[in-house]
Amino acid sequence: MEKKCLIELKCIEKEFDGEQVLKGISLSIRNREFVTLLGPSGCGKTTTLRIIGGFESPTSGDVLFEGRRLNDIPPYKREINTVFQRYALFPHLDVAENIAFGLRLRKLGEQEIQTKVRTMLELVGLRGFERRKVTSLSGGQQQRVAIARALVMQPRVLLLDEPLGALDLKLRKDMQLELKKIQQSTGITFIYVTHDQEEALTMSDTVVVMNHGIIQQIGSPTDIYNEPVNAFVADFIGESNILDGVMVRDELVRFCGRSFECVDKGFGEQTPVDVVIRPEDIKLTFPGDALLQGVVESIVFKGVHYEMMIRTEHFTFMVHSTLAEPVGKTVGLSVVPFHIHIMHKTEAAQ
Amino acid sequence: MKKYMAYPYGVWMLIFIIAPILLVVYYAFTDKSGALTLGNFTSMLSYTSIFGRSFLLAFAATVVCLLLGYPLAYIMSKQPPRWQNFYMMLIMLPMWMNFLLRTYAWMSILENNGFINQFLQNIGVIRLLNTLLRPEAPIEYLPLINTGGAVVLGMVYNFLPFMVLPIYNVLIKIDKKLIEAAQDLGAPSGAVFRKVIFPLSMPGVIAGITMVFVPAVSTFVISKTLGGGKEMLIGDLIDLQFMGNAYNPQLGSAIALVMMALVFLCMLIMNRFDDGSGEEGGLLL
Amino acid sequence: MKRFFQQFYLLLLFLFLYAPIFTLMLFSFNADKSRVIWHGFTLDWYAELFRDSTIIHSLYVTLIVAFASALLSTLLGTVAALGIHCMRRRTKGVYLTVNSIPMSTSDTIMGVTFMLLFAMLMLEKGYLTLILAHTTFSVPYVVLNVMPKLRQLDKNAYEAALDLGATPSQALQKVILPEIMPGIVTGAIMAFTLSVDDFVVSYFTAGTTSQPLSVVIYSMTRRRISPKINALSTLLFLAVLILLVIINFRQSRDESHKNAQKPKYQPLKGVEN
């Protein structure tokens, strides 16, 4: 099924006070897609979102909406709505009036407004909250009002700026699922900003990993997790052991003073690379059964698994395992070739 | 909402705040024909004693205001919230009555045949004083009005709220947890006050001192009405150069300029005690 | 015991603040010209006060100037605060520093500088000069009352309004103004009372035919003081009292509103600035 491209960013650059925040962002977003901009704070993800929303204009580059240039269209004329970070509900209006705010500006009839507001409240599970003051609501409820207020405008695109950041863990998990459900049922394109990698992987069709104003990787959650293109992405998406290594030749990499078989090729010969190994991909064996031996330095119970720090001669590995090993015990560490990820060394990853 | 919305006020400030100050500077350095001169400043030397007296009286008034006002603000901040509002209103109410009427009220109290003297006569204090101290030259009243003391009293009366309000505003904003933390760390209530509350209330104290000292040092109404013109202050001197018989705006500007500079200097020294915690200050009532 | 001393101290200081005012008021009902000895009750001074055309005219001047300058400074100050709020740190600092000059300059100096300015601009002293001067010393208070409200505003509120289809002016009207209204009202009230209370600046900027009340009182206190002034003080005091009660009522109603919304987390506070 071919979905056509809805929003396109072309070489967007943005400067604040001489500091370059975005360094050439190019991105195309298809209709009905759930796209997440993921990255640490200050990586430019919120600025990108604000440029799409029309609250900032790019220093150079174009924003296209169905092929039309959107740069100079003010926010109130865009078919795009936003759920703001701390919701930005209007405290002088009650719940229903907050939701009706945009409809009233469109000069819809009172009857129609009331119907739409009621439908929206139903959708976000706040029936009967019409006349409540927004300041009397809990964080989760305010969140729902903010979503309802934006959705009632029936936008083509909904921008969400870390909307779940202020909620506690349990509520956040529930809301993630609910948002995904809303997105699927309404068919609205969602562009979602978060620094929480788990959130990004759970909800998105496409994840855009950003750092220092540069897009590091665009891909499906599975691709991003399994095939990170560089050490930064690998480290940011889940925890990783990142080692300096040398690609001896195709399918053979040397690190920790040993040579390991791997599945990557095309790096050339004797090339310095980053080697990434996920903590859950390391299997603990008898010391004699593996190429690497190490001593258990610490162990912490994490609920589902134990997290162990295991010191080898050259590197201290983080290992996740459902079996605990006592501190001080010498163990062997083994990794199958498929789980050794080789990456080019990049500047941004430093 | 754009920053250009502030431009009209920017222009206004240029015309009505900056330009007048520059005018004062210009006048202060020129003579009547418009030629540059320092004569205005040299002729001010004969008024040194007036400057001295003004600063002394204003300083005295500020100290009294602080000594009376700090405990008042502190006690007020300890009252139940409902009462705090009421007390605030009581403090502000006289301040919103006309300044002249407030001063005028004291005239009838301090006059030679005013309330205090009447009262002292009636209970026989005057007679007692006469027999005890000065049998050869009996007095009919205590000289209260037209003294430096009356001027200080007038200043304290008029400007006390300016001391109380900023201190109070800072005190009520002090996090109660800080006090609990200090107690938790073993500070008795005296030490809590000395080591936590008082240092934290310094911005309010500084603002209060500024707001009392600045108007006190330049007033001419209080000295005229309660000082009887005997105790001439800088304010009177300036008034005389602009509105009085001595009409000489050049000299008046020079005096004003010097006073502004002196006050600025005082405030600069004061502000060294402040941590300069930004725009909020204690100035907001 | 400690509590008793505290209450006693409060009582003494409030006595100090109010005794002069109450004696002043009491003697407005005195049947004699004496301001000290009671001769019996009369309302003659009130009657005479209202027959005194100078005083009545000056009251009129005071009110005109107070209303005009309060209106002007509220407009100017509110718009300025909105602009200053959007400024970068540096320019904001410059604006706020210049803005604070009138508040930290003594009335006498301010009066003198206005006098020089108006002389240079060849503006004849009168209503206009009074209103200009009063507006100048009132705006800073409006700005300082509106700024905190703007800072309390969700930084995205304005953008949220735009996002929902409001034009910039609609966003201002429907979202920003309702939010900062308490600050604007307080600022306006302060501007009004500052203007009514002012003597010194008016003294230097009023013309002979446009003397506000305080200037007239000043010229009276220098000659013979009539108990008419006591009567006037009483009336003014009552007017201010009524005004304050209304404001306080408004404030405590706002406060109880807020408390009702967040009963658990909002600690009881004293005066909301």
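Labels A, B and C are assigned to the chains in the order they are written; within every chain, residues are numbered from 1.
In this section, a contact is a pair of C-beta atoms (placed from the backbone, for glycine too) under 8 Å apart; a residue touches a chain by one contact, two chains touch by 3 or more.
Bear in mind the structure is a predicted one, so any value in this text is a computation, not a measurement.
By number of C-beta pairs in contact, which two chains lead?
B-C
Using C-alpha centroids, which chain lies at the maximum separation from chain C?
Of all the other chains, the one whose centre lies farthest from chain C is A.
Between chain A and chain C, what's the gap in Å when you average each chain's C-alpha atoms?
54
Report, in whole Å, the distance between the mean C-alpha point of chain A and the mean C-alpha point of chain B.
Spacing between the chain centres: roughly 60 Å.
Round to the nearest whole Å and give the separation of the Cα centres of chain B and chain C.
So the centroids are 18 Å from each other.
Which residues does chain B have that touch at least 2 chains other than itself?
In chain B, nothing touches at least two other chains.
Which chain C residues touch at least two other chains?
Where chain C meets two or more other chains at a single residue, that happens at 168.
For the complex, give me every residue of chain C touching chain B.
6, 9-10, 13-14, 16-21, 23-24, 27, 35-37, 76-77, 79-87, 91, 95-96, 98-109, 112-117, 120, 132-133, 136, 139, 141, 143-145, 147-148, 158, 168, 171-172, 176, 190, 193, 196-200, 203-204, 213-214, 217-218, 221-222, 225, 229, 232-233, 236-237, 240-241, 243-244, 248, 251-252, 268-271, 273
Looking at the complex, which residues from chain C come into contact with chain A?
Residues 154-157, 159-168, 170, 174-175, 178-179, 261-262.
Would you tell me which residues of chain A are touching chain C in their complex?
53-55, 74-76, 80-82, 84-92, 101-102, 105-106, 133, 135-136, 149-150, 153
Name, in rising order, each residue of chain B that touches chain C in their complex.
1-10, 12-13, 15-21, 23-24, 27, 68, 71-72, 75-78, 81, 84-85, 87-102, 104-109, 111, 113-115, 118, 157, 160, 169, 172, 210, 214-215, 217-221, 224-225, 235, 238-239, 242-243, 249, 252-253, 256, 259-260, 263, 267, 279-280, 283-285
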